[in-house]
Structures are given as structure tokens and as C-alpha cells.
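There are two complexes below, and they share chain A, which is joined by chain B in the first and by chain C in the second.
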Partner chain A sequence: MTDVAGAPGTTDRADAPEPAGERRGSEALHFARRNPKLLIGSGIVLAFMLLGFIGPFFLSDNPNEYVGPQTQPPNGEYWFGTTTFGQDIWAQFVYGVRSTFVIGLFGGGVAFLIGMTVGFVAGYKGGIVDDILNMLTNVVLVLPAMVVLIVAIAYLDVRGLFTQGMFIGLSAWPWAARAVRSQTLSLATRDYVDLARLSGRRTWRIITTEVAPNMSSYLVMSFILLFGGAVLTAAGLDFIGLGPSNGVSLGAMLQSAVNWSALQLGMWWWFVPPGLGITAIVGALYVLNVGLDEVFNPKLREL
Partner chain B sequence: MLELSNVHKVYKVGTFGGGRLRAVRDVNLTVAPGEVVSLIGESGSGKSTIGKMVLGLFRPTSGSITFEGTDITTIRGHAARKEYYRHVQGVFQDPFSCFNPIFKADRVFDMVRSSYFPGTPDGVWREKVLDAIATVRLDPANVLNKYPHQLSGGQLQRLLIARALLLDIKLLVADEIISMLDASTRIDVLNLLADLKERGLGILFVTHDLSLGNYVSDKSVILRKGAIAEMGPTQRVFDNPLHPYSRHLLSCVPQLHRTWAEVDAELDANPPEDVVLPTAPDEDSAPLIEAEEGHFVGINQD
Partner chain C sequence: MWRYIGRKLFIYLLTFIVAVTINWMIPRFMPGDPVRNMLSRAAINDPEAMASMTAYYEDLFGLDEPLYQQYLNFWVSLFQGDLGISVMRYPEPVTDVIMGSVPYTLGLLLPAILLSWIVGNRFGAFAARSKALDNTVLPVGYVLTATPYMWIALLLSYTLGIVAGIFPTAGGFSYSLRPEFSWVFIYDLISHWFLPFLSMFLVALGGWAIGMRNMIIYELEADYSNYLQALGAPRRLIRRYAFRNAMLPQITGLAVQLGTIIAGSLLTEVVFNYPGLGTLILDSLENRDFFLLQGILLFVVIGVLIANFIIDIIYVLVDPRTRVQMTGGSS
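Here is the complex of A and B:
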């Protein structure tokens, strides 16, 4: 028998179990363009990102320079005013936004890589490998991360953005590993994974080409949450004075504002911009995450 | 070609692997080139587990599975495993779950190409794929460049068989490949298996359907609770079932021209002769007795 159009068994299945590929891609785009949470969230994040990465080219190299009159409220020349020492708060803010994104991308990225590797290997391999990796994950999960970070970072002589990002990454991965592991456990039992093994594929290629693409939306959302978490942790560390030495960040700005009694002196322009900046970036990331969730998960869509 | 001897599979179940579940118990069987061997059994009889062990997806707890002289449980390393899959391939029960839903269906061919034929030029490879698709009697225009959800179960199942044919296979493990198909495509796939058999392929046909086993196979193996209940040439097993379980199983097949009551009455009127069944000396073994030439009966596990 050849395939005759319309013959039983040869018709296209209208009730296909999982919509996929192009159709799913364009469908996601269709809902993405109509999702206000996604649009607002990504709009704010993107605006801050552009500010942080393009802004510094229009400003002096050293935002901590004493450039102008002291204790000026916002005005035409110094948009966000100046500090007690005459530093330009706008310049500090722009550089601070940049370091916020660097720490988010790097710290979140490190955590994401470790979490993904551990989660995929544990979920796919199973057995004793899973037991060991899961135990490690649980141990790191219950470590009081902030305390460990404070102790570890306090002992370092030279602190840069990258050391800070690395430490944040090394402490933030466990929940991502657990999330990825549970998804992998379910996907690894599908027949197409067995079929890939019968096709002579290596384990890591099966993970990257069969398992990971099926949970790409899940991975994107994990990364966003890790990014936001890293930004918050970094702000916390900076605020207690364990930020990058000689650097500038939104957390460090808050710290010096508190150190020099900006609140008591009524210098609101010193602490409001960095506080609002952190809140806006992390808040927008979470709104973006909820939006993405609605786009990828049909059950949450508002039609 | 393929020989299983004293194969056991015990799963550890429960928290900390405390419990034991015996899935396959002391199974011995052989598959010769050009022979179709059907493994017949109810759910949980261990038939799929045997298929997956032959495919190297599970490792037997003890015993050996020998393919052309090498014990496959000793295969180590990716290259040797890959070489084994050049000759032994499987087709699974659920064609929909065998395709990654986010990629086009013909990606299964590309995977075989990139693993086994990296040097083959595009034109030659295309010929080879079209050839394999023609062998499974599909129209290339209908199935190539489509997503899995755009194809029917029968088309997908035949694509999987075509995929296996791209390799130089000697043994095909067909795990319930018919059960997801409707009646009209069923017979196509069965005839296809018969063609493959003509080409000298050994086929291990895993099924729970007695009539399918009868239709395609040269040798039938009836499994119960992981052990072989009866094994022999299909004709003899079906015409003269010796094991009480096989008799019971065969009496359960609905017959078009007779009602259950008639079948039961006839069975009661002339009860079959009892055969002497072997007894297992311990929990682990399941010996077989040769009742007539090539026709074995196993232990009673009631």
C-alpha cells in the first residue's frame, strides 16, 4: 500500500499530542507580543541595560572623581545632584547600573552553568551519580549563603566584580540544579532519548540536543531568576562594605549614602536613585519572568 | 546469532533500593539469522525488559547476552557500543514518543548519518534515505520535511523501521510495534517484517498479542512472571500448547465463529493431557524440559 491522501492511517493528525516546532515558535511570538507583563518587564530591563553599557562612553572614566560643588540637589548640570564630596551621582549611577548587569550576567551565569551541569548529569545518569550530586546539592542548599559569602569575601585582599560574581555563582546554583534535575528525570525516560542512544550518540550530545531543547523556556526562566538573585546578593554585599574595592556599584552608593548620613541630612538624591535602580531592575526581571511563564505555559495565558 | 543464557534482571525498588523486583528469571533463548522469534506475555512478564537488555539500554543482573560471539554485557566504551548498534537496532512501542516533538521527523535519519556515515556525500545519502523509505512503502513527499505531529502513527512507525534499515542491521528488536497502530496499517507493518525476514534479518518480536505472534513468527516464547513458560516452533506451541498457562492464554483468544460458552464446553469435554512440568530447585532458576523436539516447557508459577 502506498500513502494515499485521505486513506485511513495516512491522514494528518489533527489531534497531535504536542504542538511543536515552527508552529510553537510563532505561537509563542504571537502571545509574547500581546503580553503586557513581558513587554513592560523586558522594556525596563532593556532600557537599564542600554544605559549601563552605552552611558559610560559619554561620562568621565572615574565616576568617583570630585568634580563639582558639594551637596547639590539635582539640577541641569548634575542631573542626580552631587555627594557631600562633590561626586557626580548620575555618573556613579550609570556605572553602578553597568556593574549591576555585569554581576548579574556573570554571577547568574556561573550559577546557571553549575546548576545546569549538575542537574542534567544527575537527572540523566541517575543511580549513584544522582545520589551523590543530589547530596552535594542539598548540602550547598542549606549552607547560609550570605554568611559564607561574607566570611569568604572578607578574607580576600583584592576584590573585583569577577571574584564577587564567582562567589555568588558558587553559592546560588543549588535550586537551579534541583529544578533542572527534576525536569531531566522526566524527559530522560522518553523513547527518543533511547533512540538517540541507539543512534550512537554520546551522553553529552543527547543532553544538549535531545533533553535541553525541550526545556529551553524553563532554562531561560531559571537564568532570569538567578540573574535577579545575583543582583540582590551583590547589592547586599556592597551595602555592608564587601563590594568591589575601588569600584562603584548601586549597593556601594547606598553604603556611602548611609555612612555619610544622607538620610539625616535630607539628601534624598543620594540614596533614592540606587535604591530605585536595584528595585526597578530586579522587579522588572521578575515581571518579565512571569510574562515569559504565561507565554510558554498555555494554562496561564489570559485570552 | 543472538543467544541469551541464564539472563536475570532484578530491579531494586523502594527507598534506598531495599525492595527487590524480579523482572526476568533465568531466560535462555536464541535468535538465528532470518528467524522471527516472538516474545509473548502479559504486562509485567518481562518481555520488554528482555528487549531493552538486548538493545543494551538495561544491563542484566546476571547471565550473558551473546551477539555473534561477543558478550554484549562486556562491551565498554562508546566506540564499541556504537559498532554494536550498527548491527542491532530497535523499534519501540509508541511512535509518537520516539520523535523529539520540537524537531522535524526526518532528523532521526540525520542522526544516523552524522554518527555512522559522516563521509557520505549529500546525493548518495539522499538516495539511501529514499531507498529505505521506499522499502517501508512510504511516499517520500508525504513524510519528509514534516514535524512528528503532522504524521500518523503508522507513518512514524514505518519511518523508524526505515531508520533502522539505513544501518547494516542483522537483528531488529521490535517492541510492541503494532500495538499503537490501527488495523489497516498493522498488516502493512507485519508484511514489512516478513520482507525483512526474507532479507536474512533476525527479528525479536515483543508482543502481548497471541494472534500477531502466530502470524509472523517462526519461534514463540511465552513468558510468565519473567520466566519462560513455553518455547518452541510457533506451529507446535499454538497447535499443541503444553503448559497450563499457555493453554489458558490461548483459550482467552476470542474466536469469531464461537462464543465463550462453546469454547469452555469443548475444553471441558476433552481436557488436554497433562505434561510433567519441571520444578525449580530454588527461587532463582527456571529450568526447561524438552517435551518434544525443539518444544520446551518451563516451571509452573501458580
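Here is the complex of A and C:
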């Protein structure tokens, strides 16, 4: 892994991290179309995304309504059965999938923005700025995020999806910042970056036009992982009752299933779908991520 | 080496200070009046106790004093080991309540973390670069890491606990027994411990296996592996070298993953109603017992810091390079 840019003797052409414009794009596409992990992963994620964003239009506005007979196992009318109160689990599930994507995009997005900014600035500026940001990153990294989140959110009386996403974002960014920083460190000393610096461009423009595009695949993968992490954290918070008040989410479904002893009553259709949904979405994201890694990183391509 | 440890210790000290500061800030800067909020929801019927508690909390929060004085007071009481008094189990001090739960959580966490780490690493190393295994271990691993802890706990509790009836599904031990040192009690303890342990073990396992597999693939691409291969060294030998090198990032990963695993143990405990910190958190949330909640936060932070420090020391012991570099003076 000692790739010194442009050093003589780096004959491994396929390993060059700089994109060669057009050719590289089509090459990535070539491998992307043939990568089963990428295809399967993105297929599952897209299917759930469509379900979550289009599904609610075909369902009633309030998935918590008491609509049907109580404690029904899955049948033709209520696809996933009903709860002990006669709520339609399918409707809850669809709305839950939607809020899962919303919290993932939002919480993951906030974390991604913070992590990216901290990483770029620390890696590019170096020196004392790097030291301070690095220390901040390490401190937040060591703090057990979930417990801090529990205590902080417990004090809020009214909670929304927005606050939850914000809090998750504020606690999840450190490892992304670290990863971006180390990538930036290696890119910041490249010739073309020096050239840009010599030409007197502003720091921020250099970062956005010279550094970031050359690690775009890396950034996409960080975002996907942050997305998955945010979904899992949100599910955990919802499960212990710290989710958005009056909201519907897969974690909250699990919570009510446990609270109303679905386990003891043998109502597996109440607690299996929400967990399966989370697992499928996050698992597909992870597999998609490996697929992307294989597409962009020639070393991992199967020979 | 001492410089390395010193720097780490500095970070941990800083983290501790930040954690305490967050702990101090949350009740003061969040919207709402924490004292009234807490006492109005806590189920205290005795007016005398209510009055004394109100006075106690007002005094403890010291809301009439300037902020910096409140902050100093917070630290002073912290060093006296005084984290306040639990509302939920009035008049038991928070420290005692937490201490009662810590052994259960540790008993769950330590075996789950260590065993999943060891087994996961073995699996991952075994699976890397062998097609058939890779194609089975990898998807299973990803599904396992993507599983929410509470869901796998629910599934195990339902299948092995309720349907099959092999294991009990709630509590730390049967209510009919008293804690004592006898075979009956120990057996009971273990049978209650097994399902929460298993669910944490399974989720953590996937992550380690995947991490190890990826690291081994990187190591097998490295120059020394290629060289060994060119020399005609047996596959087993190359893999052994790769494994030892791939182990180092996994040790660091252990430190990074600690927070996630602890979060997972809290959720798992909630499902099984296991009498550890997770259940305590849920109880204190339901009873709005914020002192207990904050005490738990501090305890978890301290635990994480200690664990991180131990991992750092292990890392220095395992990787001779850090020792040479550190004594060489170059950082």
C-alpha cells in the first residue's frame, strides 16, 4: 500500500487513484454492471425506498388508526396482520420504512457533513488546526454515543424526527472525519494540489474541486455507512421509547410489540416485519457498499 | 512508548472532562425546568418526602448560584463519589443502585465481546479468498451486523425461549431463588444469562468476521505475501503471517466498536429484562429519574475509558513496531 504518486516504478497502472475522466467512468460502469453485490444491494434498497415513499399514498393517513379486527394473523385483507388493538401492521410497516429512510438520510447527512468538513479541514490544513480537530474527533469517538444520546434526548419533552436526526448526526461523525482526514492527508501533497495552491485559489475551492472529486467513491461509501449507522441508532432509540413523539417507525413498532407482550401471545407477525425491514435495508446498504468498493478499488475485484 | 501512553491518557482525561461537562450541561441548558419536571412525574405520594426532595434538588442544582460555581460544585461532589439520590429508589444513593447492576452488564458484555472477537476473527480469516466460504460467510456476516440488537434478541427469545421453552426469557434469575452460592442458583443464573449473551454474540460476530476477511485480503495482496508465495511457502504459513498482521487493525476496531456494543447490550437487556444497566436506564426513563440516568452515563463513560486504555496497552504489547518507534523517539 505504498503508492507514492508518480514515483517511478509504480507500474501498477490500474491502481492509480486519479480518475482518467471518461475512461474511468465507463470502466466503473463496466464493473458495476457485472457486480452481483452492487446489483443485489441497490435492488433491495431501491425496492424499500419506493415502498417507503410511494406506499403511503395508497394507505390511510394515520397508520396508528384502529381499523380492523384485533390480533389477526396475516391474511388477504391485512397483509401483515393486525395488532392487539386492531391496527394494520402493513400500514405501520410502510410508514416505518419511510421514516427509516428519512432518519437515515437526515441523520447520516448531518454526520456526513460534519465528518467531511472536519476531515477535509484537518487533513488539508495540518498543523495546529489538525491537532485540535483530531483531538475533538478522538474525544467524540471515545464517548459512547448511544448513552449520551439517551440522556440528552430524555430531557426533551417534545421530540421530532428533526431533533432525533440532529442528535444522531452530532454523535456519529467521528470515524468518518478520521477516514476523510487520512485520505485528504495523502491527497493534499499531490502535485496537482500544490499547483492549485500556487495558482492562488482559495482553500475551500481547492478542497471542493481538487481533493474531494478524487475521493468521491470514498465519500459515497462513508455516507452509506453513516446512513446505515443512523438507521440502527434511531431504531435503538425508538425501541426504548425515545423516538419522535406520535411518530411511526420500525423501532417504535418493536417497542409496542414488546410492551403489549406480542412474544408471550405468539404474535410473531407483530415483531418480525419491523426488524426484518431494518435488517434488510441496512444489510443491503452494507452489501451495496462492498460492491461499490470492489467496483472502485481494482485490488478487490475478483480475478 | 510512554509518550504514546501519555498522549492517550491525555485524550481520555479530556474525554472524561467533556463527558462530565455534558452531564452537567444537559439538565441546565435543555428547555424546561428539570427539578419540577422530574419531581412531578416521579411517583412520590408522601408530601414530606416530596418537600425534602424538592429542597434537596434545588440545593443540589444550586440554581441561584453563578454558573461557574455550579460547575465547580458538580466536580466537587463528583470526587466525593456523590452522584445524588435516586428518585426511583429513594433514598438509595445513585452509586449504590448502579453498582447493583454493573456486574450483570459486565457479565454479559465481557464474554460476548471477547468470544465474538475471537470466533469472528477465526471465521473471517478462514473465509477470506476461498470462494465457496466467502460467498456464504460474507452475506451472513453482513446480515448479522445489520441486525438491530433488540430484534435478534426478540427472535431468540421467541424461538428458543417461548416456543421451544429451553431458556427462560426474562430476568437475571428466577424469582423463586435467592442469590446464594449454590449449584441450583448458578445453573439458574447461567440459563438466564445465555440468551442475552447469544444475541449479543451473534450480532458482534458478523462485524468481526467481515473486518477480518477484508484485512486478510489486503494482507494477502501485500509484498511479503507475494514474496512468500513466490518462494513456494505453504498456504498455511502465508495465512498465518497475514493473520497476525490483520489482527492489529482488529484490536483497534475493538476500541472503536466498544460504544456500539455497549449500546447493543443495553437494548438486549431491555428485551430480556435482564437486571443490568440497560434495564436500569429504561426504568429511570420511565420514572424520570434523571440523577440515575446521568450517573449511568458517567459510569459507562468511565468503563469505556478504562477499556480503551487496556486495549491501548495490549496494542503496544502485541505490536513490537509501536514499542521500537516509541522508544526511538520518533512519533
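By our rule, the second predicted complex is superposed on the first by the 283 of 303 C-alpha atoms of A that agree within 3 Å, B and C clash if a C-alpha of one lies under 4 Å from a C-alpha of the other, contacts with A are read in each partner's own complex, and residues count from 1 in each chain.
The criterion applied here is as follows: a contact is a pair of C-beta atoms (placed from the backbone, for glycine too) under 8 Å apart; a residue touches a chain by one contact, two chains touch by 3 or more.
This structure is a prediction, so every number in the text was calculated from the model and none was measured.
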Quiz item: In the superposed model, does chain B or chain C contact more residues of chain A?
Solution: C
Quiz item: Thinking of the overlay built on chain A, is A:R202 touched by chain B (first), by chain C (second), by both, or by neither?
Solution: first
Quiz item: Now for A:G76: first (chain B), second (chain C), both, or neither, which partner does it touch?
Solution: neither
Self-check item: Interface residues of chain A shared between complexes with chain B and chain C
Solution: 1
Exercise. Give every residue of chain A touching chain C within the complex, in rising order.
Key: 1, 135, 138-139, 141-148, 150-152, 154-157, 175, 228, 232-233, 235-236, 239-242, 251, 254, 257-258, 263-264, 266, 268, 271-272, 274-276, 278-283, 285-287, 290, 299-300
Practice problem: Show which residues of chain A lie in contact with chain B when the two form their complex. | Solution: 1-3, 5, 7-13, 16-24, 190-192, 194-202, 210, 213-214
Quiz item: Inside the complex, what are the residues of chain B that reach chain A?
Solution: 52, 55, 57, 78, 81-82, 85-86, 89-90, 92-94, 96-104, 108, 111-112, 115-116, 137-139, 142-143, 147-155, 160, 181-182, 184-185, 188
Quiz prompt | Residue ranges of chain C touching chain A (in the complex, touch as defined) | solution = 11-12, 14-15, 18-19, 22-23, 26-27, 30-32, 34, 37, 138-139, 142-143, 145-152, 154-155, 157-158, 161-163, 169, 217-218, 221-222, 256, 258-260, 262-263, 266-267, 270-271, 281-282, 285-286, 290, 293-294, 296-297, 300-301, 304-305, 308
